[in-house]
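In the part that follows, the structures are each spelled out as structure tokens.
Consider the two complexes below, in which subunit A is the common component and subunit B and subunit C are the respective partners.
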Partner chain A sequence: MRNVSSGPARLAFVLLPVLLSLLLAALLVLAVGREPLEVLQKIWQGAFRNSRSFAGVLNFWIPLTLASVGLFVTFRAGLWNIGIEGQILAGAIFASAGALTFNFPPELAPLQLLLQILLGVLGGMLWAGITGALKIWLGVNEIFGGMALNALAGVWGIYLISGPWYPEGGSAQQSRPFLENALYPALSRDWPVGLLAIVMTAVAMVLVPLIMARTRWGLQLKATGSNPRSALLLGVPTTRVAMSAFLVCGALAGIAGSYRVMFTYGSFRPLVAGGIGFLGLLVVLLSTMKPLWIPLIAFVFSAILAGSTRLRVSLQLDSSLAGVLQGALVLVFILFQGLRQRLELRRNELPRMPHRPPAPPRAA
Partner chain B sequence: MEIELRNIHKRFGSVHANNDISVVFPAGRITGILGENGAGKSTLMKILSGFQPADRGDVLVDGLSAQFGSPEDAIQQGIGMLQQDPLDIGAFTTLENFVYGRPEKVLPDWHSARSDLEERSAQLGFDLEAETPVERMSIALRQQLEIVRLLALGVNALILDEPTTGISAEQKQTLFAALQQLAHRDGVIILLVSHKLEDVITLCDRVVVLRAGQRIGEEDMPAPGETDPATLNIIKSRLVHLMFGQELGPHERQAVPLEKTVLQLENLYLRDRRLQIEGLNLSLRQGEVIGLAGLDNSGQGLAMRAICGLETVSSGRVLLEDEELTNRSYRHFLNRGVVFGAAGRLEEGLIAGLTLTEHMALVRSERAVLDWPALESYTRESLQHYDVRGQAGDRIEQLSGGNQQRVLMALLPARPRLLILEQPTRGLDVESARWIWQQLLERREGGTAILFSSVELDELVAYSDRILVFYAGRVHEVPDVAATTIDELGYLIGGEFRQE
Partner chain C sequence: MNFPGCLTGLRLLPGRPDRLMNEEFLNTLGSVVANATPLVIASVGETITERAGVINLSLNGSLIVTAMAGFIAARVISFGVDVDAINMIASPEAGLIGGVLVAMLVGALVALIIALSSIELRLDQVTVGFILTLLMADLAQFLGQEYTRIPGPVVPKWPLPLLQDLPLLGPVFFQQNVLVYFSYVVVIGLWFWLFRTRPGMAHRAIGERPEAAYARGTNVNRLRYIYVVLGGSMVGIAGAAYSLHFKPGLSNPPAMQGDGWIALAIVIFGGWHPFRVVLGAWLFAALRAVSSDIQKNGLVILGRTLEFNFVLLNGLPWLMLIVTLLLVSSGAIERLLLLLPRPVQRRMRSVLRSDPPRAIGTTFEVD
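Up next, the complex of A and B:
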């Protein structure tokens, strides 16, 4: 559709950064005195040695993909939703409030589950909605509003576990553990992962891009994100559109947050968001706004993160090495994107041949 | 010092902005550079002050060829330019801005800088205070600072670009007295870029007139203090002739019966950073075309935007067929058939990155789920009908300006009540411009009222039923458009409201 580079050049721009960042990572590993291939092998084993480790990857992939899909929406509307981290946390807090309050009889457990997820959605939407309202009506940039609300959600979480949700006889690291009813059922013993959550993630990753491409709302988002002034003049309700983008992203972040407490931890902890939101920003940036890439990139990130937890056991390496590797990957990739844009710009400055046949002569 | 420009050429795409301009600026004289918008004044001055190079031609300083790679180069060789928006740093104080930009010192000598500033300020009759932050100063004071700063850098030639826009009459007097002192006592070369007749006649020793990129002529100005109205009128009339060229003959105008009032403005007060408009009254009837004349930034843009909710109205009322809509959002107006079209098409109106079909879908699709194939064929038909050279799948920025304007026409609702158009034919060739007007007049016959601004005098005279002239926020209605001439309009645009 675009006049980007030709096929081979384009492939080079995808492969080169991957190779380069692998090289960089290898050098880093060598610098700490280990075999790069061995580290890679251990990460691979950590992620995929059996069904339980694979489920661990999925448990990270679910919230990361949900958050990334949400961020795809806000990015499309031209918004830097840094506040996603707080939205995940708010979702987790709301879902936890449900989990610690309700205790439905076993036959109504699915209802309780849904209710908690819904609360999580509400929490995420509330946090995103505040950011949106600050931006739209008070002119507070969403980056600053988002940062403030991230901090606020964090403080609120800490207050909850040291006050109202303080576990009896426990330490103030986490809330009371949730009861069985309040948790996502695992797929099986060998596959400890929430099936319903996988389904919701799959639906989101297919449905959201489809809605963006096929509906008037999606087009309005794109118009508002590209040029809000022109969009307004063309009759787009730009404030409503921006607000709706925040709310949709908040809802997806809320589901992500609820999954973290209702499955991964089984209790509330202040660090449940765990940087997933920020990682989601990177996922969407790397996808260059091509939504089909989002689940794949999220999967690679999840595999590296989940796999590297074994590095400490097997190689006495701190698992934060994975974060460093990931950082190197992102850096190199973004560098290449910038390079590519510059090259394209330079090419476009040269006189260009028209891509389509000349229009028929116009009648006078 | 003497500056000479020899055979300067500068092209921007197809526009020959400076076409073989030669002129000499001797020491100790104030020269006015006069011309309407697009005449090439700013281009020439930017070449002279190192902001951009000429394509061909020479700049000579004291007979020696000079090469300016940057504004700093020009300043080092003694030529400094005062921009319309002074290039100072808001959070810094007057003194800090004064020192900033001096090349020679790592650590500024604050004490001597301060006495230098105060001395120069007092000499020129300025009231600069060393410790006032620039962001709290008026444009006039910031100009004074910039003048003093450039002089302290050793500049012997000062170029001022429209310096009297946005300053009061009193401040203008101070500025002019200082400039006269600099030229006639200290021998500084002063160049005043302006479109205001009154200013150049009061201040300048002589005036060079540019039109359509060429140097058209030059006139000596009367001695300062000349008050004989007859003499002044002769000079004005000569300058107007030089600026605008031949008069148009009387033209044909179809009378459309004007019906009920569509838009009514009652005592509007509007304000932006540069100017304010006080007590604007206007009523516009169905099928009426009102032209807003005036040079750029004389208040037309502010008025047009405030009328349809894109700028704030400080006081007064905007009535659309008896419904008060003062300060309602643009969407309110749009839903009632009021459409605004801005001069900057890709900044305000069209969306770079979106295809023509996507544009059409934004304004036409009533349904939540888009039927892309149907929208695309609709767009294709529409492009054919509006004679747009472009494909439905093209992104809008791939089209030429004329074709973009045609797309904007295609995007308009079928029967708007009121069209507010800022320079609807800006940058278009004659054929495209005529086509746009044909479209607009068709809509007018359907009862649409049109309010448009233009800097082309013949366009205003040809299509308007009434003309309002904007000059520094003041508004003056041309008494009888059918009887008006280009000359007369030229006077009004230059701020000479003497025909009243």
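Up next, the complex of A and C:
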């Protein structure tokens, strides 16, 4: 490949990974004895067969996009916020605490909703703040601190439904269902999706990248992320900037968590985060830090996720196929990116290389 | 569990305070050593990798996928492809050996992806490792779906002749199975390799100062390939150790979910030194033994039964993970060194250091 930075070549380096990961997934489906095309069709139907299934896609898209936008901020600051999964869960726990406690009269229902969302934000920020404090002031790598806090949030959630939130006469799978005024109102019967949450997500996905591109804070984030030492020397308060990145991400994760309990499930369950935070990390890696792509990639991933939830029922196939497809896509894409950069580098280096003498004729 | 007493299983019998080392206590210690084995093997494998300057962050996913591959291979060799079969068609030994070999191969392949992407493509090791850890966990769940909750061959106990009769040491260390003995061998072997041999010095050098190693004629990247793949195949053995003995079979979610992250933290806590890594793994296993004992027998402190929701005990290993990393980052372990007499200090320096290999996570290229 001569020119790897031209338009068609760039496109090839995006399309090839898509094809390769689809091929890989198809081979895996064949390996467990199913028809790849049939599986693809079921996933498509699962996502787009009618307005209700499409709303199901959006119900994944909302928390996934919120989480990804938050992770865009932490990645910019050079932080691997693996703890996002726990931040979503902490947000869900806090929002659920509100939902199980408050019961405002109908005319004040919007206020209750707002309070619960704020509680979710608080929970996400608390969990992110602990990870940040451990990282910034106590020197515990955010990957390990975050992973531990994910697990701790999980234990907390299981404790809550097996103890304080144990439903009367129910099983310890979920809390009692929330009351009507504790839930995001649905758009309509045919479109079961929270309009308010869509609006918040849309605002976040536009506003956050804009703030990062246009403000001093955004610049400081970028400086901290690309070279913390020189940023510090240039007068950037790097610890404060890093902490603010954690808190912003935690706040967005908290909203995501609140949506999962206050709409998707309508009750609290310990697995409410459901890997959405980890998936958000993949979304941002795939976006190569171009914020425009985040909502689009999140949409495709949500469609795969929502579409494959019914594979178990329709084909007795494990829904982890969605994760395999997404993971393989990101892995192959990243490998191709690396390959492209290497080829580019080599091409740019060519003129500087000493002229090679022509090879001597080979003896017969 | 009884406080004051001591570790789990130890009951201070009234009127017989002399019998501290009773049989039950020794058995408990033995089970701690046994249950720590997959953690030991995985963290020693990761130590091999990180000492060479590469971080394999895929450990959690690698353990899950190798456990799956090892179990299915062992099951298919011993019982055939029919998942409902209950009669063996080959000896369990053949299945077990085949399972471990397949798991090693899979672990090595995952590690090879990290090595290739880091050395040839100069990609970030953390990024690739993280993607792999998610991908491998899902892959294991997808490919293992037919094989969850079915029986397969299990590694049998094999008390070592003579050694098993040693007082105290015998019941704790030598009435175990082959995998446990293997973990002793790799720990001592890796220590000897790293600190007592010339090629071991080169191994450390490519993780600390690859330029200097290169100047001395070491082929840095070739050695990195070798050690990363070797470390990955050790992780494979650890994964097989779960599904073929310590958590037999496959389940969903995987029984060892999270252990890969704990093993990665143990390597840090262990200061990249095999002996301290083992101590870390035993510490985590002991904590688990204590908390499972409390869940079974309740908690009694000073004669009063403590009532609380035992679900919370599942958070203990993760709290300890944070605490151990705090110990390392606060320099508390290194400060221990200053308390020791001077001649001992020199010998203990390599054990008590807390700095990671200096070139970890970086790529090396000859210019």
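In this text, the second predicted complex is superposed on the first by the 343 of 364 C-alpha atoms of A that agree within 3 Å, B and C clash if a C-alpha of one lies under 4 Å from a C-alpha of the other, contacts with A are read in each partner's own complex, and residues count from 1 in each chain.
Quick note on the criterion: a contact is a pair of C-beta atoms (placed from the backbone, for glycine too) under 8 Å apart; a residue touches a chain by one contact, two chains touch by 3 or more.
Computed from a predicted structure; not experimentally measured.
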Superposition on subunit A - do subunit B and subunit C clash or fit | clash
Determine, under the contact definition given at the top, whether A:G338 touches first (subunit B), second (subunit C), both, or neither.
-> second
Partner touching more residues of subunit A, subunit B vs subunit C, is chain C
Using the superposition on chain A described above, determine whether A:S230 touches subunit B (first), subunit C (second), both, or neither.
-> first
Kindly classify A:L321 by the partners it touches after superposition: subunit B alone (first), subunit C alone (second), both, or neither?
-> second
Common interface positions of subunit A, toward subunit B and toward subunit C | none
Of all residues in subunit A, which touch subunit C in the complex?
-> 28, 31-32, 80, 82, 134, 138-141, 143-145, 147-149, 151-152, 155-156, 158-159, 162-163, 278, 281-282, 285, 317-318, 320-324, 327-328, 330-331, 334-335, 337-339, 341-342
Parts of subunit C lying in touch with subunit A, wherever the complex brings them together | 57, 113, 117, 120-123, 126-128, 130-132, 134-135, 137-139, 141-143, 145-146, 258, 261, 264-265, 268, 309, 311-312, 314-315, 318-319, 321-322, 325-326, 329-330
For the subunit B and subunit A complex, residues of the former touching the latter = 330-331, 334, 340-342, 346-354, 358-359, 361-363, 365, 367-370, 372, 387, 389-391, 393-394, 411
Within their complex, subunit A touches subunit B through residues 1, 214-217, 219-220, 222-223, 226-227, 229-237, 356, 359, 362
